[in-house]
Structures are given as C-alpha cells and as structure tokens.
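Once you've had a glance at the structure underneath, I'll fire off some questions.
Letters A, B, C and D mark the chains as written, and numbering starts fresh at 1 in each.
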C-alpha cells in the first residue's frame, strides 16, 4: 500500500540526519496522498539507523492506522490538521533543529534580514502563541495544528509562500509541495535562524530587507517570472 | 567478573566520543551491580582508541579496587556516593562537555525553556554550590558527591525526574536507570544548555515553559500514561 | 572550447563544499580568459554532486551564452561587470557563507582586528550600500556589480589588496588573480568574520590593528619584499 | 640528521589538522635538541597533505638553516627566543586557532573560570602587549619572542605551569616538555577560550575559581602528589 510514497517519506526522513542536524529520533516527516486521503508518516521514536521504508505508517485523515506495525509519531494529529487545512501542500516536517528551536524558545518571529531568507520565505517566519491550558488538556497535538492554521490565517500568510512556522517553546514545522521540499525548507530555516541571530547580535539595528529587494529575490526564484535554476516551474 | 557489565560500561564510555562531544579522556561512565554492591568504572586518563572492555575497573562501595590493573577514574568516590544515595539509578556519567560546563562555570541553573528540555528533565537542572575549603581539603571527590546529594534533597528533586546536575566551576554529572540512559541524558543536557543559552541571548525575557506544557511533554514520554515511542514503559 | 579553464572553474566550485561551507547550490565561481574576453561560470542552481566540468557555461562580456546547455548562474552579469572594471583579477566567487552573510545582513564593514585578517586583506573589508529601487528594477545583477565597483572606488581600494566585499543584506563576493585564490579569499573572509564577531563580543572596545603591524603582516606575505612561504612572488 | 626528532615534529604538526582546528597552513610546531642546540621546525606555508617528515627544517640557535631545502616558518626566530629563555621546554606550537585568536584580538587575559582550565593551566593565561613600532621595524619575529619572555617574567609565571600565551591582535603560542604536550596545550587552550567566552556571556559576573579549588585540580594532575591518570610523573 502506497509503496512509492513510503519510500519517499523514508528517504526524506533520512535527509535530516545527513545534514547532521538531528539528534536521536527528534524529527518526523510525512507525505499525503490527496486522492486517497491517506498520510504516510514516520513511526514514533524509531532509530534512523535501523528504520526501513516498510516501517512507515499509513493513517487516514482521522488518525486511524491503516497499515504498519508501529505507532505513528505522537505528532501525527498535528500533521493531519495541516494537510486538511492546506490543500496545496504535499509534505510536512517537524524537528527540534537547534537554531529554529532557539527562536521558538525565545518566542520570536524570524525577521527577513537577508536574501538567503527571502529566496525561500516571502517575509518573516511567524512564531505561534502558546496553547492555552484547555487546548493542552483536551487534544494537545490536534490543537497544535489548529494554532498553526490560526496563525497563518490571522497574518494573511499563504502556506507555500512562507512554508514554515515556529511553535513557541517547542520548535519548527515546515512544509512544501513534496516531502523533499519540506525538508529543504527545514534546512534553510535552520540556516536563516542562525544567521539572523548573529546579525542582530552584531548590530541590534539590523533591519529587515526593503520590500523591493525582498520582492526581487523571492520572485526571481518563485512564480511565473522566475529565472533562477534550470527547471523554472510556475507555481 | 561482571563481564557483561564491563562490556556495557565500555560501550557507554565509547558513546560519548561518537557524538564528537569529548576531548581527550575527559569523561567517565560507570554502572552498578546492585545485588553484589559493586561498581564498574572507567580507568583514569585512558585513551579511548586503545581501551578495551577488559580495562574497566571493578570497585566496591568503599572504593577498593577488586579487579583491574589500572587506577579507576579519580572521580570514583563521587560515583560511589551517588549510587549509595540514589538506589533507583544504575549508571552515572561525568563529562566536561562544553555547553554544560559553560553553564557550570557561570554557576547557573538551566531553566526549562522548551519542550526539548522537559521531554527529558522535569524542571530546571540545578547547579550545585562550590565546595568549602574544608570539603576540598578533606575528601574532595567524596564531598563532591555529598554536595550533589544535598542539592537534590534541598530542592526536592527525585533523581530520575531530573537526572542531571552541574557542579559550579566544574561540569555536569548525569545518571539514569542504565549507563546508556545516563549517556543519553548527557547528550540531551548538552543540547539543552546550548539552545537555552541562545534563547536567553536573543530574548533575555525568554520564560520557562508554563507548568501545564511542562507536565504534558514530560508525561507523554514518562510515567504510566506515556504514549511516546514504541515500548511504553512504566517507571 | 576553453577546456582547461572549465576544468579549473569546476574544481574551484567544488573547493567550497569541501570546506563544508556551502549549503545546497548557494555559491558560484567563475574565471576569465582575458585574451578572448570570455568568462567560464557555474550553471544556475546545479547540484554539486552530479555536476561535471562540461556543465560549465561560456559567456561573453555581454552575457551571451556561447557554449553550454544550461543557464549560467543568475548572478552572471555581476561577475561580468567586475571583470570589466578590474583588469587585474582572474577569478570571482559569490557565496552565502554564514559569517560573511551575517556581517552583510548587519550592514557593517569588517574591521581589521587581527593578523589573520591582514595576512590577506590590507585593511577593513567594506560593506556596500543597498541598491536603490531604480537599480533593483532596471538591471538588478548588473547594478549589483556597479555598486561593488563604486564602493571600491569611493574608498580608494585596489581590488587585489582587499579582494572581498559584502553586499548589504545579501552576502560576500571575493576575487583574486585566479579562481583558486578567489576561493581561498572566501574561506579566509569567513574565518575572519567569525573571529572578529566574537572578539567584538568579548570586548566591544577591541581595536583595529595599529597601522605598522598591519603593514608588517600584509607586506611579509605580499609585494616585492615578502618573505612568507616557499614561492615568493612579486605582485 | 635528527631523523627521530623530525618524525616527532612532523607528527605533532599533523595532530592539529586532525582536530579540525587548522585552516590552510596556519600553524607551526617545533622541537629542540638540547644537547646539540638544534631546532627542528615546520617549513613556511607548506601544505599538510603533501608534507613529509623529510621536509622538516633543522636550524641552529641563530636561525641558520643547517638542513632542509625549504624555508623554515617565518616565525622561526620567535621559537628560538623561547627555547633559549625557557630551558625546561622541549616543544612549541603557534596557531591561529579561532577561539584563542579571538581572545588575542580582544586583547584579554583568559581567566581561570573552571576546572577544565586549571587541570592544565595553573592560573589565567596572559595576553601580551602589542609590539612597539621600533620592535616591529627592527626584528619583528625575534622581538615577538622577547615580548613573550618579558610577559611571563613580569607576571612571575613559570613556563611549564602556564604553558601558553596570547599575542595581542595575533594569536596563541603554547609549549610543553615535548611537541606533543605543546599540541595538547593548544587544544586545551582553544576549548577553554571557547567555554570561558560563553560562561562570561551567560553571566558577566562569572568568577575565577577560588584558589583552593584551583590548587586542588592543578595539583591532583601535576607535581609530586598527583593522583590522576596511570603514569603519575613528578615534574
């Protein structure tokens, strides 16, 4: 069942340890099959060294396990809420990568200080609020997803234009059209969080990019007039 | 004598260099056999590259060497005091890992700023006081252990709920039910010390997690209602 | 066509990933053939792992592609402007290396705080201004090159004496007599940006080197009285 | 001539790249034969990857090259001054390791904030003054050595008790009874400079270790009552 997608999700999960960015089992990647309304997701707390593509778990939009002998990641319901709210995305990544987690712990949005940032994220990356006691006690993981959706809606963010968010006191979620894109967005977010920290530290008055440079860089890589790379695709 | 435990202690000692976290011989791991009241511990100042499991030293609860041709680590008496005071622990690790040592040198408790912290440590990790001149001059290593025990007791900390401490001006000790757990707790402590430093640096007003999120994350991984991972164990 | 130069440019492009300094495809190296007035340059957004020397693109001084099936880097016009303005240089490198990018995002010149800096850069490395809206909207990449040239002229900098510049909010360009030199200058700039950040952080009053030490170190490695290394060359 | 010592110096030079601490050719290690009053030292600017033990250069106490086809490091006269002033040392290392260089650029002594420091250095590591214009213009490298000797004498430091110094605006020199010890002291200095920076950054009031803890740790590893390690030697 969904062998190809399992293989993709498995490989995307292994991308993160390759970048030396993941400690232990602290990340999970998923992908969705939009036609079948099924999600393939990493098992909870599984060792990357012994994991195979067959360990990937298939769940439906309610979180029921349809295939797989292992428990899916405890964050599964968060992934599901995002897939249902954002029909344009195909893959999701959650990590505790240190720099993104540092900004999340500081409870701050990541400002767009440089072209490295706006080549991928079309504006500042938001940090979502803490969940309330009620949200924590009722359905923590599902409500985590709802807070992400709420944050994007309140700030008027299109999911594929800023494919990342920080959860206050926790860590980042990123997404993309595919699980590979979602992983790449995690790696870029990590680098941007690191560089923006130090830029602010050297010069606390470091300013966000002027809007016209932000537009220029984002739009030379994305959208219908993009001219970066070899395979210019129209979003 | 205790061949299996020697093998475990040997392997746990080698875990730390694997994470690229240890310089030279600056760490030691031990384990205890509760029935026999014997401790297996790394020799002092021995090169990790040539060390074998047979080099592990067996000592009794008074620090007498019962087996082994090498001197046990000079911190042996600290380990012994902890094993005697905390009957629930099975392994101990001492390192000079840089981020934990940095917090120790700063003489500060490590606040619980994020879920990465509270997935492992159920609250802030304490920093113990300096030893007094008398404590240093009489039985330094033994008194180091006593100060650790005193610190946990004064703060009402259960050893397995916060399995780590910083020694002011020195470095960390961690422990766990097994030597592997103790090593893992060292690695998590190191990561948490790094992230919490930067979170405070970005935003000096970064706050400790609200108690309900702290509870939620700690308890979804630990205790009788845990639902993280594949082998949910009851502590 | 230009097989030897393609091979050199290809190898210089691969030098940067070797230093673990480049993420994804975020850098480009070029070289010039002064007699033929032709430039060999990396294709846009190409994976370093599968790239071969045959993928290098040949362009003329107007940016026309004379050979190569791939699009040259989107920064090609910036390279061309520099080659035309600085006849003494033979290779150019653009990267998003983190420390140089951090200083660029902070919008600050890199002061000459140590001999590591002045062994390569004969004074502070300048940070250029933002482009104006008009410059962005008309010919962004070409105008980027013009701003670099303008900055060096205004500050009276000879290109080979300070072979590097930061673009505000973007990242560094470095150059040299050869593409290999340009890569080496990128690596030194990165190291210097890192060290100078921390030196200022420990001691905000850290001062630039006295002029006589600056002269001594630069001139014992460069110029007609140099006495460092094995092949003392006269610039 | 001095084949064994050349081999030792060669290997000690290669120790530093092994720790991933050296960029390009930015370090040099030497050793002395006290009986013959000869020094074996690394050639200037030579690539570590192709260097062999035969490339090591033999010089006398005046800096004359007695054997070797390559120029010795341009810092040779500094090494010689130190060997002549400190009869108890057998090896010297000069590097631009980043953290030690950062403290040198900040022009600050490295305070003894932790036991990691005082296990090797019996007190704060001094930062020497800038050379005067006259000292720079007459015999720069020789005068650099003299400033090191002057600094230790003024502060009453025994070379083997604090086997390291920072040169303001430049970088560290370390030494030891053997070239291997000198390399180890460089690595420890680097780690200590890193940790002490961050400890001061977390808590600007971080204090130097109390004298009695400093004594305890230094003396349990060094001197006639040492009880650390397997081969307790009397200095």
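Please note the rule applied: a contact is a pair of C-beta atoms (placed from the backbone, for glycine too) under 8 Å apart; a residue touches a chain by one contact, two chains touch by 3 or more.
All values reported here derive from a predicted model rather than from experimental measurement.
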{"item": "Intersection of contact partners for subunit B and subunit D", "value": "none"}
{"item": "Fitting subunit A to subunit C on CA atoms, where both chains share a sequence, rotation angle to nearest 5 degrees", "value": "90"}
{"item": "Interface numbering overlap (same over half, different under half) for subunit A and subunit B", "value": "different"}
{"item": "Centre distance in Å when subunit C and subunit D are each reduced to the mean of their C-alpha atoms", "value": "33"}
{"item": "Euclidean distance of C-alpha centroids - subunit B vs subunit C, Å", "value": "47"}
{"item": "Residues of subunit C engaged with two or more neighbouring chains", "value": "200-201"}
{"item": "Pairwise chain contacts under the document criterion", "value": "A-B, A-C, B-D, C-D"}
{"item": "Residue ranges of subunit B touching subunit A (in the complex, touch as defined)", "value": "113-116, 184, 187-188, 191, 194-196, 198-203, 206-207, 209-210, 212-213, 216, 220, 227-230"}
{"item": "Interface residues, subunit D side, partner subunit C - complex", "value": "23-24, 26, 43-46, 70-71, 74, 96, 98-99, 101-108, 130-131, 133, 136-137, 140, 169-171, 197, 200-201"}
